[in-house]
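Two complexes, one shared chain (chain A), two partners (chain B, chain C).
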Partner chain A sequence: MVDFTLWDILRNLMLAARWTVLLSLAAFVGGGLLGLGLLLLRLARPRLAPLVVLHVRLFQGTPLLMQLFLAYFGLALLGLDVPAWAAAALALTLYASAFLCEIWRGSVEAVPRGQWEAAGSLALSFGETMRHVIGPQALRIAVAPTVGFLVQVIKGTALASVIGFVELTRAGTMIVNATFQPLAVYGCVALMYFLLCWPVSAWSLHLERRLRRERV
Partner chain B sequence: MNASENLSGPAADPVADPVADPVVRVQGLRKRFGVNEVLKGIDLEVGRGEVVTIIGRSGSGKSTLLRCVNGLETFEDGALSVDGRPLRHGDAAAMRALRQRVGMIFQGFNLFPHLSVGRNVMLAPALVHRRPGRDGEAVARRLLERVGLAEKFEAWPDQLSGGQQQRVAIARALAMEPGVLLCDEITSALDPELVGEVLRVVESLAAEGMTLMMVTHEMGFARKVSDRVVFMHAGRIHEVGPPEQIFGAPQTPELRQFLAALH
Partner chain C sequence: MISLDFAAVLEQWPLLVRGAALTVALTALSAALGTAVGVACAWMRVWGPAAWRWPVVAYVELVRNTPFIVQLFFVFFGLPAAGVKLSPEAAALIAMTVNLGAYAAEIVRAGLEATPRGQIEAARSLALDERQVFLRVVLPPALGRVWPALVGQIIIVMLGSSVCGQIAAAELSYQANLIQSRNFRAFEAFLIGAAIYLGLSLLLRRLLDEIGPRWIFGRRAATGR
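So, the complex of A and B:
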């Protein structure tokens, strides 16, 4: 039997944590772009709003675990050979887009109506109003909930382990199976999630304070 | 110059008299909120350089009429044009062309809180007229001086009093060089001691020949600066005339009742 030192455990977990970070980034960038697109669509084309609402309801109202299963096995059923990382990135992107779209819609709606009216009466177009008047004000409101959700996404990537994607949690399980030290290993896994999430939360707090003090 | 000088005859006819060189032309305007019809066929023309004040009870449709002129409210029937540019809802280019001719001042100022005073004034000209940088800044500084706030160029909106904010809003609207300025109860949110400074700016604009459409509760001011006063009642123009006649010799019992209730 091979002996595993604490360093062996940590080193392997850290290697796997790279995939957790990458998956989180993919989900956040993809989800952010898609969420923003959906929000603009909803604001600029009210007739298409029900479709956006349906998308949001669908992905907010089903467990992320099921979305991962459907992305992985569902696409395979359709004859598409999707690797686990791509299925995980797709499911997390759709999941994040729904939540971010909703968070940002709330932020835009929190900007007083008079701001839209003032911009409109100055002949600004929808795009100009969004970019120069509503956007900067909504951004300040959106920072805290957005970064809060980023933390949720980082922890949510753990679920990608169920479709066989080797990220932090999956690596932890594999190491437990080899070492029979669940407490130590899962303790290390939890610590690593904490080390990933804590700076993000701290950054959110810092950003919130800075935006309150300064003006864009 | 003054369009009201051409107007004579009694105001008993509720339809506005034709104006020689109309800036704003409203014909048969009808507007409903759900089942409630708030404007029941409005005909009104505002001449170049004319100051028209709209008075009436709350709910008479006066603010709605004003908001229709720059397309903040849609309407179901009738036609509206400013400087010959027709208002067409859903036509973004036509709306933009029309709104460049119409400035609006709001009861709640609606300054952009994330931009300095100077950038509040410069934003729209830079985007819509493509007048960025030095040029735009010079214009903004001149307009702020005109409303008595030259030294506030770098200030933030929340550092100003209500009266100062409203004067910045006026400078911001003027920066677009509008053909007509709409004033929607612009002193109603101000402390009494700040009303005067805003009204003085509006008065100076009127004296310089700016076309103005105002909704106001300041009857003394309306009497002083208006060329014509429009009394609205139940969604219709009930009585129109020069201020001396509207305030001095009201023709209809509704207007008499409205004026009596003010005292």
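So, the complex of A and C:
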């Protein structure tokens, strides 16, 4: 019988937290790129907009857990033998893309219409309008909610534990099974998530307040 | 070639119906209780005694910065170690209520803080006591102001409740999992499960958009901003 000290628990959780961070970053970056692509598609090709809306509605209207299961078993159905982390990264990327696309659409719409018309009257192309006129203004509005969504992604990675990816939550469950101290271990797991998420939340709030001050 | 067999899943429809019923029941109860917790916390943060404010802030920040699944495991696996034994359904309901309560506290607070001072003064000058001022004058329009955000959060909690299957609460995702363990049609079972969740979230939004103006804050408050 091996005795686990509190330090052993914390150390093992910290090692597992690396995977939570890595998966969060992968999903956030992947979701950001895909979300940006979808948003540009929606703005540049209005006829395809309903497809983008459908993507957003589907991923916002179904549980992330179901999306994870579908990615995991769907890829297997296609004959691909993918590890759990790959399925989790795929599902979280698609999930993040839907939310980020919607957040950024709101930011673009918050830019006054006159800016589009002014860019049009200067004969700027769609790409030039986005890069030099709309993009920079929308970006300023988008930063705070985007950082806020990062917290949702970090928390979302906890569900990857369900399909067997050993990140923070899964490591917690494994340690519970070895130590029989669920209260202490899940308390520590919650604390680690808090230490990861709280600074990001505080940063998002700070950005939001600064933007509001600038506008007044 | 991929062959999908949805019939094998759909013939187990009684399980899906039972699962959806538990999901709806958990959501309805936690929505009512969580909103009540949120209103109480928001009141404490805005008008409560100073000593009550920081525990509320700590609760809100702790819940909003940790995953729901960890909260659920803490309640279901952790609390029995402290002497509180709970059924899966009770643990799910508590975790959902605690979770929604924290988000609702922030949402309702935003609504309360937007109350024009003149309305409170007018109510006081009509000799309403503090309880009446809050419950009859301040709260209904405050809920009306933030209703869309509150509805969105309730739907997020409903979707999040799919995790409760992990502690063997027999809600919708649990039943989908049970079906796929019987017939090995995992993709089809979860696709149908996801479709039911989508339907439920659309229905719930329609329902709450109806309930709010009719029963909670009145139509005029909803339209007159």
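By our rule, the second predicted complex is superposed on the first by the 204 of 216 C-alpha atoms of A that agree within 3 Å, B and C clash if a C-alpha of one lies under 4 Å from a C-alpha of the other, contacts with A are read in each partner's own complex, and residues count from 1 in each chain.
Convention: a contact is a pair of C-beta atoms (placed from the backbone, for glycine too) under 8 Å apart; a residue touches a chain by one contact, two chains touch by 3 or more.
Predicted model, so just to flag it, every value in this text is computed and none were measured.
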item	value
Touched partner set for A:Pro136, first chain B, second chain C, both or neither	first
Touched partner set for A:Leu77, first chain B, second chain C, both or neither	second
Per-residue touch tally on chain A - higher for chain B or for chain C	C
Touched partner set for A:Thr169, first chain B, second chain C, both or neither	second
Touching partner for A:Glu117 - first (chain B), second (chain C), both, neither	first
Chain B and chain C contact sites that coincide on chain A, given as residue numbers	none
Interfacial residue positions of chain B with respect to chain A in the complex	70-72, 92, 96, 99-100, 102-104, 106, 108, 110-116, 123-124, 127-128, 156, 169, 172-173, 176
Sites on chain C touched by chain A in the complex	2, 61-62, 64-71, 73-74, 77-82, 159-160, 162-163, 166, 173, 176, 180, 186-187, 190-191, 193-195, 197-198, 201-202
Complex contacts: residues of chain A adjacent to chain B	112, 114-115, 117-126, 128, 132-133, 136-137, 140, 215-216
Chain C partner contacts - residues on chain A that touch it in the complex	58, 61-67, 69-70, 73-74, 76-78, 151, 155-156, 158-159, 161-162, 169, 172-173, 176, 181-183, 186-187, 189-190, 193-194, 197-198, 201
